[in-house]
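Paired with chain B in one complex and with chain C in the other, chain A is shared by the two complexes that follow.
Up next, the complex of A and B:
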């Protein structure tokens, strides 16, 4: 098969294929993360690999006193964040550590993407949400629009940044850096359908062992459903994860309607008052 | 891992009847269900949301934009319906509009992380994003407001030579008709811009669009009224529009706070922002509404006081909402108990 032949169809050289622009592309399944807390050992390799691959600058070093988590929060310079929860009795004899590697949720109804006024934030062919750094003008509107506090604006370059699900790696068929580095396969990347199936099986097994686990991220209540799924062995609230997250887009119609109603009423009152005082 | 690996598709882990982990049998989970210390709500009491970089520049933009849009609408209505007695209002309205919109682009651009790329807002037309529509509205309305002010100054014979002649020949009425819908959008879209975020204080009820529009109407009228009063002109026809706007504002602000519920409205009631909101209620609503019904309300002093109070109150409202949004994002309870 020649390099220009795909599925028995010979392609024209690139310059002559301009008319094909917008033609149907081969189906690319929606990709997602499955992050399994029950496998996480809190090594933070995902945080480090993400920083290294994406060349994210230092975000400062602060001792939080919250277990071994000194990363604190996702943001422009933190695209993976391992949360630590210590549960020990008063005697500290018995207990457990639990860890959760948090990441951008790549929402179906993404608040950041909806609100972005420049069109810098787009949905990729992998169904992930991506910030085009050469378009972003740092307006900051995506930040309060994210229902999970993921995206931030960097002091260093003034642009908004967040997890790209390693768009550059996925484009050449590589796994995102965090998943590659994860030593326990707590982070898995794959087609969303397969991840859902995998999560269900895993949860069934864990529950059969008596562990209290749940899948978080699959509900349409959460910004239309997320491409980042999590198997949690802690209540979502305790991990700072909401159980419902409606993006602000749903307020647009009602808010504009109220605005228009008030404006028209006031215009009517004003016009009447002007006409009454007419000389 | 036990030896009973079943293999096969999807079977990820063996099922063992009595797993033991870290010396704790899972049959008695109560011991590690008790945290060693009270870590507060959510994850160590940490905030869930990030509230973004908006502070005073954007507060001023919300405030001045509202005044500019509403005073423009007022001027257009005065020109259409006010006859000769509306002339003062039309002139003052257009001049207030251009003066208050003049700093708006600078306020917005200074707030950008990459100021050289401000024009990227206009590379797309995206009705889903109130900020994108707002950038278009600001561009169109800014031009309209400038042309209208040019026309007003030219008709006053304040512009020399060809600049004055051209200004007098501008189609002012057509311009007003075309620009009024944009001015209406521009006056209050900032409320919807906030309501389209995830911040509980801004988005738990979709009331901010209406509230900001009514506040824009009140402050825009007050600005025109105040300027006329300072110039020694009386504009009694502006009393009704301002009181109507204030009445709507009082009702909407009450509905807004009630709609939020006590947990989400906390920044406005008892938080750091409460003084801004209290000042708004006292100076921006109670005082001008009271001054609108007292016997001496037609005196120049009373008119000036009512206009000044309305204007100060309008700023307090924007400051309370913007600052309260940051405080709201800091409270994990407001986010997690949705």
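Up next, the complex of A and C:
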């Protein structure tokens, strides 16, 4: 069946993933973020540029006292979020103050996409994960399905929202807003293959300088591999990042089996009961 | 941009990563190329986090730290000797009568105390003179009647002999630097007491940290390497601000780091185009291009007197008459003629101190009727903001032009404790246009002008500042039209040909926005063809004439529009390393000032690694990666004749052509109101006795002690035991008058907080996130407690001294509100530039909210 005849509708625009319906895959490479903590100065320009470009409302005025972080976490209204970690011993020797700009991971095996019952969450031609606002019905299944706590549901429109990797900007050849605004190029966007190479070179350089850094996001253990790569100068656990993440689908696979057994059991019990009652 | 070429970056008096994140990009670039990045600051901030080394230092002790670096360089003879001998005034021999602070208990010769009269008033010889003009530093803010001040002539700060009959002068020098009275030796004695021990005692900086900085700077200076210094208001907003910068200047000259790639001292600018508003100033004592505003009275009674006072025998300021008369021609056009002193009479004259601080004192005396406030928020942003709000009540009227209803615009009904019924001030709020809603230029930290085009109309009645000023001028001209009164001539004679350009306004709703590029054309300057009467744009300031044949609105900007319709500030071409076709850098598109110093005395680059501008013998001119900041045909071995004047008087090995001797001034014979060399004084309000000199604090500071509500703590006052500094965060803009109205910025920092160390919090029983009250003799302010180890206690003079810090971004207007931290501060004026002191004072801290 040609995609143009889905459900008998013939006027549908060209689908976003035509190649899944047999069309030739376009040359557009998978795109990703590379966020480098070792260059981040914690200025939050990414947070603000993201909100401005995407016209996301503020998240409320809450002073947390948690270092300089008052937006606290990613969610429907915060698509880039800068974490602050203060580490100072009593003598303040080797004190550290580190910043990490977190963002949607655009997973290969995206929990939100897998669990979305309406098809609102799709994979774009940039291999990014995108929520179509006009299709999302606000069921919220995506929220517990995300292993990184990225997506949230907005009170304003009841829909689920998260980073789009500036899908609209990328479609016209522009860089996402966060990367454009980053004054130190701590956030870069590009073809994922190039970013991986860039990250490896950068990590080699930093390690040669004696810095403790690691690449995070490349492992298939993390939801099949992520399109958002991070160079971390802190252990991932300290930043709230898991070292392995399975998405809802995996959990569901197991529970499908479990549920099937239970269901079979009930069928057997019911059948037995019916058989008995007939007697 | 050149920061990226540095081998070592010292950031001090600035939280650069937070407040100048875009410029900090180049510091990061340098760091990634292997440069050391050092942050000296009382607080561990986002800048400290990005630095390779953080060094703690008590607020207000900067001169001791920098002075000790100078001492380190001199004691170890680590100076860049050929640079120092040729390019600075280290060799100049000072008069015998000069007495240094070293021998004067912290004061120099030439001190005039009002109760002692003004001494003998004798005229001292002045080769490199002591002219008190603005381009030499005015020093006229604070010393009015009854104020202690220096008379540099009486103090014999000047060196060299001038020929009273002409421009010739000679300077006694000692190229071996051995003469006991040569500047090098004077410097050595002056800074001898600035030792690492003194740094430990006064700054509370551990000796190892200080020595690491000294080592790094020395190691990264010389022919092959350079160090840059970045500062901001952490230095300037102190009672000794300009002298802190002077100390850094001395250090950088000794290390040979001025005029060379990756070197210099960068004044980081905290607002878009604040550099522009100094160049074409919003200051009461300056005219465009650092020309002083003339004084009322005898001193500048006519054009001749003013020109005589402002003209230096040699160097760039020898053409002062050409710059000034061209300015008068730009402003008054045909009405400025040789016969009428080029309308010199039209210029308002200074009658005294009309700086911002002093103006509020005058308001309290009911001597100011009206007040125009453009893009400023003194009711929250000025020191002693409470006193300021009180002063505003004395006005008859005030016009505020801003994007929002700021604290200043709403003071009459929202200021704490105010009774609107009793405020007589008529307040008019006029909505202003934001930068994307108007044409204009930004001039940034590196003197780079960048033009921006209007993108959209401003909403509703909002209009640009240019619109306001232009139409105000048009209406005033209409009002005075036909008047024959001489006092109305300055308005009637103003050239005002910036009429709206229908073509440019065609695609916008607003059709009466004036043509900004007409203003830039006038700023650039032009020559009127005597026959056709047509304008021909000047190519650069060297075309300015003193005969009335040229007009130029700001000589330093000349070249920004060298032809009709050629706006160099619009250029956006990138060509590394200096991007000469990106915007326009004043003067003459020079990207780095004094760049002749990047070559050795013979004109060759000091090293291949640091080559920048050099002498091309074959071409007989200076050339390189940038426009040479030097007479391009002056040979490196040029020795001026004794009678040579102007730029011919600058020797081939003297890169500092703005100075009459062409040398970098280690010792400043003129220009500084509070001494020719920096001396450490404690802040006006401090917990400490001055351990360096008997003189406690800067005696030239104007203190406004007699104003109600401006009381100050005594030195070491036990009621105010903690050091307080104010600061900014990256999330807000100054008093918040733009940022606190944006949800996106406000949510990032929604409340006022006090940064306090865990040690002090423990001592005072203050809980993290709880309430805390800060108290000074002026006010009490409540804030949330941010208990953080980024703040640390200092060991000062053998005991533990606590410091706390508060951002000054809050007020009673906007989406997020809070107490006004500036209510805590006192109104004071530093003597050179009338700056307020915000970075070092004392306070008390108590747990809990302020009493209501």
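Of note:
Convention: the second predicted complex is superposed on the first by the 245 of 279 C-alpha atoms of A that agree within 3 Å, B and C clash if a C-alpha of one lies under 4 Å from a C-alpha of the other, contacts with A are read in each partner's own complex, and residues count from 1 in each chain.
Just so it is clear, a contact is a pair of C-beta atoms (placed from the backbone, for glycine too) under 8 Å apart; a residue touches a chain by one contact, two chains touch by 3 or more.
As the structure is a prediction and not an experimental result, all values here were calculated from the model.
In the superposed model, A:176 lies in contact with neither chain B nor chain C. By the touch criterion defined above, A:274 reaches chain B but does not reach chain C. With both structures placed on the common chain, the touch criterion links A:32 to neither chain B nor chain C. Residue contacts after overlaying the shared chain place A:88 against chain B and chain C alike. In the superposition on chain A, A:96 makes contact with both chain B and chain C.
Shared-chain residue A:217: touches no atom of chain B or chain C. In the superposed pair of complexes, A:42 makes contact with chain C only, with no contact to chain B. By the touch criterion defined above, A:70 reaches chain C but does not reach chain B.
Put simply, chain A uses residues 86, 88, 92, 95-96 to touch chain B in one complex and chain C in the other. Across the complex, chain A meets chain B through its residues 64, 66, 69, 72-73, 75, 83, 85-90, 92, 94-96, 111, 114-120, 135-141, 143-154, 157-160, 197-198, 201-202, 205-206, 208-212, 237-249, 251-256, 258-263, 265-267, 269-279. Interface residues of chain A, counted against chain C in their complex, comprise 39, 41-45, 47-48, 51-52, 57-63, 65, 67-68, 70-71, 86, 88, 92, 95-99, 183-185.
Looking at the complex, you find that chain C touches chain A at residues 17-18, 21-22, 24-25, 28, 32, 44-50, 54, 729-731, 743-751, 753, 768-769, 784-786, 788-790, 792, 815-816. Those residues of chain B lying in contact with chain A across their complex are 10-13, 15-16, 19, 21-24, 26-27, 29, 31-36, 39, 41-44, 46-54, 73-74, 77-78, 80-86, 89, 111-114, 117-118, 120-121, 123-124, 126, 128-132, 134-135, 184, 187-189, 191-193, 195-199, 202-203, 206-210, 212-214, 217, 221, 236-241, 244-245, 248, 252, 325, 329, 332, 335-336, 338.
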